[in-house]
């Protein structure tokens, strides 16, 4: 029993963080919004880091890593509000195809030339897939009404929900960071607004929500990776607390920014819109709560202190 | 259409407030808790003001006033955490008996010699009635397991819920006042704790809850007095918001008091305990919410801006 | 307390309802934050005025109907119940109008109120400056006297409607070297005066909902000042009182939103979270409570009373109610929450409304400021304080 | 990350479970806040010690088992899962014990830890003074040197367990004229030393849960001081870290409460508010999240890390979780919430627990203080500030 995330796993996620911080700042979001939404050069950078093949077995030329590694990196993608479809393709569709034994195109996946897409019935659309375009509030989401048959495989749903939760945590962390930085420099009544206790406590509440969302997320990722019987429950738990943390962080951050936060000029809106999108994607709050309800109140899952890791 | 409470109605309630402020301070609660819980002299004072006969028709020697007047005074009883059973007897049981045509003992009611009691099935006990004693956390509640048959008349329930709501509003107001006074005098870090924004905002939130609970209460009282078809809905609305305001005020007040609020020595606990008692009495939160749900979501009641006073 | 309408009030309601049924545009207008939508809404204001519905409480001499506040509330209930458009001139009719009614000269009333009620002149507010948001007393823009004119220099921001409107109003520093609340005057200005530059600010949803205003030696006649020179702060506080208090957000708007939320819930009941069910019931409760409170405030004013610091409670309550209702709707929509158009092709009004609701706790004095006012002025807590 | 217990850990769990099954009192003890209940709980501490379960992480030399933090968590899970009594010596074993382990001399460890683990000496804390609650640096009680003794004069308050306990610990001002955090020393004292007067304080539920302590020329040997003279503040901060962080409120306690809440909900499901259903599911979620976080912190410490200001997040989370769970239970109980005994004659533990939970956001540094710490030390927001 060890809840410590191994340092080498954190190092990989940190390398991705550093890379994205240097290449995918808010000015990139602005440029992509004004133009074609996607940038082959950015994608190529991700390919060069081996990320499309992160979950592809080494025997197929991938890195052969696990869902916890992918969740750590999905969080980084949320943190920079990544436009490229890395998460949905490499961390959702790819492991699902592998789980189904569809390994024919994995070399192209690793090379970044084939980006698999998976449509699930719980969503009304598919991200970065073929089909009639559907407009999202998030200007960098490319949604399409799915033309192919949609799957109802629970594993696909859990992969999608888990990776959405990971991105939501990263989005919430980034919005908190933006609010903190703004609160340090914006002055009102002769002092930085971050010196007011009301602002401090509002942002402290976001910190609390995040501090207790992260371990739920890591636990869910490991459980799904382990193929644990209760993995779906833990994924739902993660999706729910990540969604709530992201909404809280967004509402707190815009409040701290005041009218500035209501402008296109300030970066915050990109993150808020992604949070609203992912909060409803891959199972709504109600859907995931119902799974928890069935397990906990419905007695399908053992609860209590002796069952922390049941 | 006039939501103004007539000045003469407020004057009567203010006279009661002044009388109770002078005769029923916290030292009385302490004395009653140490002794027999009730004081005939206090009751006689209420009788001298005509309060047991407030709702008794003038033809029977009473004051012939309405439920709005009674609610205004019940709020004052909550404000001082009145021990005597005025509200349950004169504002709940008495009007219910009158509505049923049971007018034989009204002269004794007006004289304060007969204190009717009404047991309703929704409570597990009756206050100040005959029967085996049941211990409440409120040291000044005298509960008994009812020996007589309990009524299930909805009017009785609505009277009990309405008058509990009125007391809860008064309790919440008094706890807010106590917290404000303490916050002005208690210093920490070199200033009154009430100068800290966190304390200010906590108490401002209680003010908001109360500001928007009071008109709901008055509207419910008038609707029940008018015999309006929708009165039960408005009574449930009042009970719910009054209960929530009282819990919020109690939790906020004890937090502002710090460890002092956790002592018997500080008065606050008397008010908190009464709030916990009345919050569950005459229909729980769930009961009243279910009535609102049936009316609003269940479409039994017309809603929307054109139906403010439906 | 009397909870029934008079026959006269009922007849008035019927008249309003009939007019709205015949006149409210069948399809929603474009958002008033974009140029085309703005002009659609101006057209609607003029249509309202053609029926004498511009501002029913104003004297007939200024294009009103001389009605009382209860009749105004009835009008508002029917207005929002009918799904009529937002009022593009709300800065004028709900904020500046009542202020002019209280502080204006007879000439100013004649000059400004009549075209306002007629929808001929649309007003922008110009309160904030880059360094003066919640801290409105930090205003720096100057308006110094030069004969019978003020010459304005400086910058305003977050000026709602200013991208397209005709006139603006705001506070300006008329006394050189004055500090904070002192030396400010309340001045009205034509947005097309030479030296005024408007820079629309793109909002998060993409529309230019507010603008920056730059003033470069803008000459404004002295008779455009409301009340005395240097008395601007008190006038502005009265305006802010209208904004936070009775007028700006009439309950009908929230009652209509609560009803739509109930309908949305009924559609999604099979897949709704338990807390959403309670939140929906609560939305109705809170919108009703807000309506009762508004009726009580109206009755108080009609009896000669005034709105004081309790306007802050009002602002906190409606803005957080609005945000909560729309957040609940977003959760009920689930995967569809992010879509700009719903399955039936209609605009996702809940998403638009949620974004708009996020501005409620910020504008008209942030809710942090309102809670300070509540604590200090209503509860009497001390003003000094450290973090 | 590895989410399975080793066979050794599983065997340890089985051993704990078996011992508890054989030893936990079948009926609940009286509350430890009353004299009789206190002595019942002291008896239980000694029974625990008889099985070497007093503090499993301590070295065997001091009556422990030399186990690691994961094993401690397993012990705690089984302990709370079995419904075992509250730990009357928690001030000792969870707060002072770890502090002595870090700052004590070998002699002090030998002298104090062994009887602590054995349940022979029960400890009270003596942090607060009438003018120093959340503002602990405002301490005035003095302990001035007189040869090889300190002579203590002054007053402490809110001293939990002090009505009946054997020993106490706290901060005292050992340097004359020193201010705030400086000149304080951390001193342990026998509560029966001449000059110590205990005045039990009646709590809202009627029991003397804490006490005032009056010191009148109380002579305490210098060897009762922990760490150096004047270093008390840092030592106390370490203790406060234990209090807010890992030790005081182990997750098992909240997981057990959440499980009882689920059971209560099942009994009242037919008459529960929709939000109560979600609140019950949320109670399980939050108690689990708290448990995962505790395992993560334990892993971090075992890997050589330290608990920093994030202990404040912990304190906020568990205290508000506890209050929310118990408030939900009060609402589920409805009319029965106020009853001291439920229909089956049992004590209304939910009511008792709700009252107790109200102290959570107050003690061990109020949650307002914890939010300040979070904002300033974790987020780096500025410390200056006005209300």
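When the chains are written out, they are named A, B, C and D in that same order, and each has its own residue count from 1.
Quick note on the criterion: a contact is a pair of C-beta atoms (placed from the backbone, for glycine too) under 8 Å apart; a residue touches a chain by one contact, two chains touch by 3 or more.
Note that this is a predicted model, so its numbers are computed, not measured.
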Distance in touch steps, counted as few as possible, from chain A out to chain B: 1
Chain labels contacting chain A and also chain C: B, D
Pair with more cross-chain C-beta pairs in contact, given B-C and B-D: B-C
Relative to chain C, chain with the most remote C-alpha centre: D
Distance between the centres, which are taken as Cα means, of chain D and chain A, whole angstrom: 37
Whole-Å separation of chain centres (CA-atom averages), chain C against chain D: 52
Multi-chain contact residues (two or more partners), chain D: 273-274, 277-278, 368, 371-372, 382-387
Of all residues in chain B, the ones touching two or more other chains: 189, 195-201, 289, 293
Arrangement of touching chains [line / ring / star / complete / other]: complete
Chain B residues within the chain C interface of the complex: 1-6, 68, 176, 180, 183-184, 189-192, 194-197, 199-201, 203-205, 207-208, 211-213, 215-216, 218-219, 222-223, 226, 228, 237, 240-241, 289, 292-293, 296-297, 303-309
Chain B partner contacts - residues on chain C that touch it in the complex: 1-6, 9, 13, 17, 70, 76-78, 80-81, 251-253, 255-256, 258-259, 262, 265-266, 269, 277-278, 280-281, 284-286, 288-293, 295-296, 298-300, 302-303, 310, 313-314, 316-317, 368, 370-372, 374-376, 378-387
Complex interface listing, chain C residues touching chain D: 273-275, 277-279, 372, 382-387
Chain B - residues contacting chain D, complex: 122-125, 134-138, 141, 143, 187-189, 195-200, 247, 251, 254-255, 258-259, 261-265, 268-269, 272-273, 276-277, 279-287, 289-290, 293
Chain B residues within the chain A interface of the complex: 196-198, 201
